[in-house]
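First chain A sits with chain B, and in the next complex the same chain sits with chain C.
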Partner chain A sequence: MNAKVAVLVYPGTNSENETLRALLDAEVDAELVHWSNAATLANFDAYVLPGGFAYEDRIRAGAIAAHDRMTDAVIEGAQKGKMVLGICNGAQVLLEAGLVPGTGPVRRPTAAFTKNAPSGKFVCKHVYVKLNIAPQRCAITAGLPGEALIPAWAAHGEGRLAGSADHLDEISHGGHLAFVYAHADGSVDDAAVPNGSALGAAALTNSQGNVLAIMPHPERDAWTFNHPFSRDGRSGMTFFHSFAKGLKQQ
Partner chain B sequence: MSSRALAITLKIPDNEAFTALRALQRLHIPVAAVERAEVWIFESSLSDEALVEGVRANETLFNPNKHELRVLRDERPRDGEVWIGEQGEDPASRAKLGGKPLAGVTAVRRYTAWLLSGEEGAALPRDQVDLAARGLLCNPAIEKAIL
Partner chain C sequence: MPNFGIIGKSEAELSAAAAGVGVALRVDELQRIAHGLGRDPTTVELYAFDAQWSEHCSYKSSRHHLRKLPTQGPDVVIGPGQDAGVVRLGEWNGERYCIVIAHESHNHPSQVVPFEGAATGVGGIVRDVLCMGAEVVAIADALRFGNVTDVESHQRYVATGVVDGISSYGNAIGVPNIAGDAYFDDGFSDNCLVNVIALGIVKEHQIIESKAPPGSEGWDIVLVGKATDASGFGGAAFSSLALDAKDAQANKSAVQVPDPFLKNVIMRASYRVFEYLREREIFAGFKDLGAGGIMGCTAEICAAGGYGAIIDLDEVVTSQEGLPPAVIAIGETQERLLWILPPHATADVLQVYNREFSLPEVSKGACARVIGAVQANKRYIMRFGKERVMDVDIDFLTGAIKDELPLANEAQASVGREPVVQAVSHPNRASRDPLFKQYDAVVRGATVIARGHAAAGVMMIPNTGLAFALSTGGNPGHAWLGAEAAAELAVHEAVLKVMSVGARPVALTDCLNFGNPKKPAHYAQLVSAIDGLARAARELNLAFVSGNVSLYNEGASGKAVPASAIVSCIGTFADFSEVLNPALQSTRSFLFLLPGDSKLDIFDALTRARAKGAVLACGYVEPGPVSLSALRMAFAQDDRSQRIGIRMERSALADRPGLLVEVQQRDLGRELFGEDATLEARTDPSGIFVGADAAFDSVSIEELLAAWRAPLAKIFG
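Moving on to the complex of A and B:
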């Protein structure tokens, strides 16, 4: 029987349909689960938290959602080894829930995706993210080649990784820095980073490698009509095919 | 040059405070009411009246249709209150106030104040406010809590 994936819809989530579509196109058995059906989440094998503004970003981006009943199920699933992917606002929720980098207690965040720098303003920009860990380090990236380059759209006002020097060091040296921002040729420097993110971070994983929080949206570069500038053969679907492979091996 | 603190509160229902109340109750913190305010601390050469007038006229800070403004006696939280500020805030840069600076103001600090009350309206004890800050209201990776 196929593994079943829940795409969570909190009040204020807005990217659930394209995220679901990308998963279905990768032949993942996925469906939307709204907040009113949180009790059903235990029946799923993996969870995807899409982008948006869960609970209107009240208090802080992801703060209220991190304490939601749906997130109770996500935390419990993650602790059992189920795959969990958070994209954009979903990534912010996972950091607030303490699941990534996962270096502190649950719901005691040690880092945050916070206000972009230096502008402090919303960024909407086509970007590339480069795999910065061995593919097998994380179940969701295990189907990618080493140093895979994934196109995506950065679309956030709060995507800058921030934390204390000690915690950033832990992220860097603990193998949590899953993807960094890169140029189209794969080179990495500050100019490739759209939001001032510490370590050039675009995505983080936890110690077990079953949870991944990624800020830019690969699902918004999944299909031909999403490629505005080039036809370089790359597609955000590569990321979701890897997710599908990881699911089969779970 | 002197320092003055102003609080800006909503006079319309505060949905964010209500959401915080429900989330804190879910964390088993014995809170019955939450009030939220934006606290602005200004370093300025202005009189109280001129500062208040300037803030009232600054549309990036104050909307007379939905906000109320009061001058605070103290630059610290009251009983039952926690102020959440950004780590690494630059008061001189903050004084630009989103491109609408106030003449005579050289530095600005901003906090979100959360006043937590229990049943009968009594201020929540300090240890419970601390718990609320650690559990929800403050992310210590990017923010600081002042009790």
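Moving on to the complex of A and C:
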């Protein structure tokens, strides 16, 4: 039987439809699960938390949603080894829930995606992210080639990884730094980072490698019509194909 | 409840009494109300007429002139008059898809409280499109600010607040902001312009109209959304009053409070209700609450169907105790919509909003609730407690009133000449990216060209082959040409922008932003701008499908904003692969100018040229030095790619908008586009810009790019 994936809709989520579309196009058996149906979440094999502004980003992006009853099911599933992917606001929720980098107790975050620097403002910008870990380190990236370069759109006001020096050390040395921001040619420098993120971090994974939190949106550059003039043939769809592959091996 | 005494009062007494209660109605209008009712109005009735008969709701001084605009065409499904216009996009799998579009201003509120004013502008326009049964897929905005270069200036506070407001609202509801423009001019120092546009998609047979359906006598009137509060009371009347700095504080209570979080949920819940009604083939009416609040919405939706209504104000959930009935009835609390539903469907619809999408849990007091019923007779009745606080003929309340105001020679209103600025770093030529990047242009995952990457935004309709382009026009730098010529140019600007990305223009919208119509010179500008719009639209065989008029855009000094007819254009594609790129493609190519007033049918010529594979790139040409438009095509190249150089062949000044087309072979230009096309520049691999005039130094494109990007980054950061 096919693994079933829930795409979670919190009050304030806004990217559920395109995230679902990308998963379906990658031949993943996925459906939307709405906050009023939180009780059904236990029946799913993997969870995807899409972008948006869950609970209005009150306190800090993801802070309230991390304590929602839908997130109870996500935490329980992650601890059982189910695959969990958070994109943008979903990534913020996973950090606030302490699932990623997962080096502390649940719901006691050791790092957060917080206000962009130096502008402090929302930024909508096309970016590339580069795989910074061995593909097999994380179930969701296992289907990608080493140093894979994925096009995506950064579209967030709070995407800057922040944490204490110790915790950031833990992230970079513990193999948690899954993707970093890069240029179109794969080179990496500060100019490629749209938000001042520590370590140039675009995505983090947990110790078990079954949970991935990625800030930019590969699903917004996933279809040919999203990049009509692109000459390099790269597509955010690659990322979702890798997710699908990981799911089969789960 | 005491009535507002009109009968037997002198003109001076009436004038003072109206001003004393914050009512903008004129003495003759008050007398007309008393005459029509046969008695003095109640307080609720007084404020109801004040709202309905304001310029904002009634278009009393512009409606008869607006009739000059063409509004019909083969692709037009619904023209102006409803909350939004509807135009055909195309067919896919036997289904006819339509674009729903609405265009409005939120100028006055944005000047007083920029963040909230601009945010609620977006909120309102989104509801206008939603209530036609459409899924809202794009927004756009045209912004006009005063001089923002001074750090401490109020104009900078207004500009940054407006951009923040649009960004925080639009981003949160998950509708991409794909098109628009922004200009800076001293003429907007006392009054910024914030024009907002929303666009939705609906299948033609699934359009929901903003009127009580035939046979809806006795049907439920259901209010959906935020609990009613005291915000936004007097908003409609407030927009009809000229702004005075010392009144700004008092006016703040008239501005609505935005809640994009609740709106996000209401939109999704409403999409579910659309599905439910379609499955059961239930016809209903749906309308947005805007000016005039519950009263304005219920009266207009019932009057449009030829019915009356009875509303029970005690059924309206309020977020504070003791609100007077006039505030509950007319206040403009945001995030509310209204359904006319057959009683057998009401319980299911309430269940969707109140349980499945749990509105009461999402926002305190938010819900869907029955507040009244459609009546067969044409009375509009409101009850509050044991009293009947309103009982009027519905057509008298909502019917067209008309002001014939005197016109002056328009020449008197000319507003001075902008010097021709050659530098790319002038705020009006510099990159708008620092503003636009704060707007989410790509949520929904259907964006083809994001805002700022070309002269028009382009979006795809997922799971179909259909796509559309959206642009705005109305450069305030043309105002000195006179309102008529500037309006005409605004149409051509918007249309050419849509063509520049390869789309076929199919319809227009407009928002007319002018001064005080009671001043003959300002009124003359409005009327001649309409003539300009009408002429350009007829020439191009395009219809206006939606629009709005914003008057009294003047400060305490009495100086009005530059005449601003702002136009948007929708274009369609048979296939997204027809999308054209403004970025230069070749280091050995030729740039030909196609002037907008060419006798040639530009879209046809472009299509023929593309069929031959001759067009590499296409850019929009703004009036002014053509070299600056050529440079923008160089700037559009991806970062870090090899910069293409430009060598100008002539120092031309475009006096009208046009297109700049990149072709591979020199002979092709004239061959494809005829005698009107002129060779303006050639490209080379140098990465350097060389002017045609020997006095003009050559500069590296990289350096010009930095100069182009810097000015607004310092301000909007």
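Keep this in mind: the second predicted complex is superposed on the first by the 248 of 250 C-alpha atoms of A that agree within 3 Å, B and C clash if a C-alpha of one lies under 4 Å from a C-alpha of the other, contacts with A are read in each partner's own complex, and residues count from 1 in each chain.
Convention: a residue touches a chain if its C-beta (ideal position, glycine included) is under 8 Å from a C-beta of that chain, and two chains touch if they have at least 3 such contacts.
Model, not experiment: these values are computed from the prediction.
In the superposed model, C is the one of chain B and chain C that contacts more residues of chain A. Residue contacts after overlaying the shared chain place A:T114 against chain B, while chain C stays out of touching range. Where the contact sets of chain A with chain B and with chain C meet, they give residues 55-56. Within the complex formed with chain C, the chain A residues making contact are 9, 11-15, 17-19, 21-22, 34-36, 51-53, 55-56, 118-119, 121-126, 153, 155, 157, 183-185, 217, 219-223, 225-226, 228-229.
Those residues of chain B lying in contact with chain A across their complex are 15-16, 19-20, 23, 26-27, 134-137, 139-143.
Note for the complex: chain C touches chain A at residues 164, 167-168, 171-174, 260-261, 264-265, 268, 355-358, 362, 436-450, 460, 462, 467, 576-577, 579, 581, 583, 638-641, 717. Interface of chain A with chain B (complex): residues 55-56, 58-60, 63-64, 67, 96, 107-112, 114, 162-164, 167.
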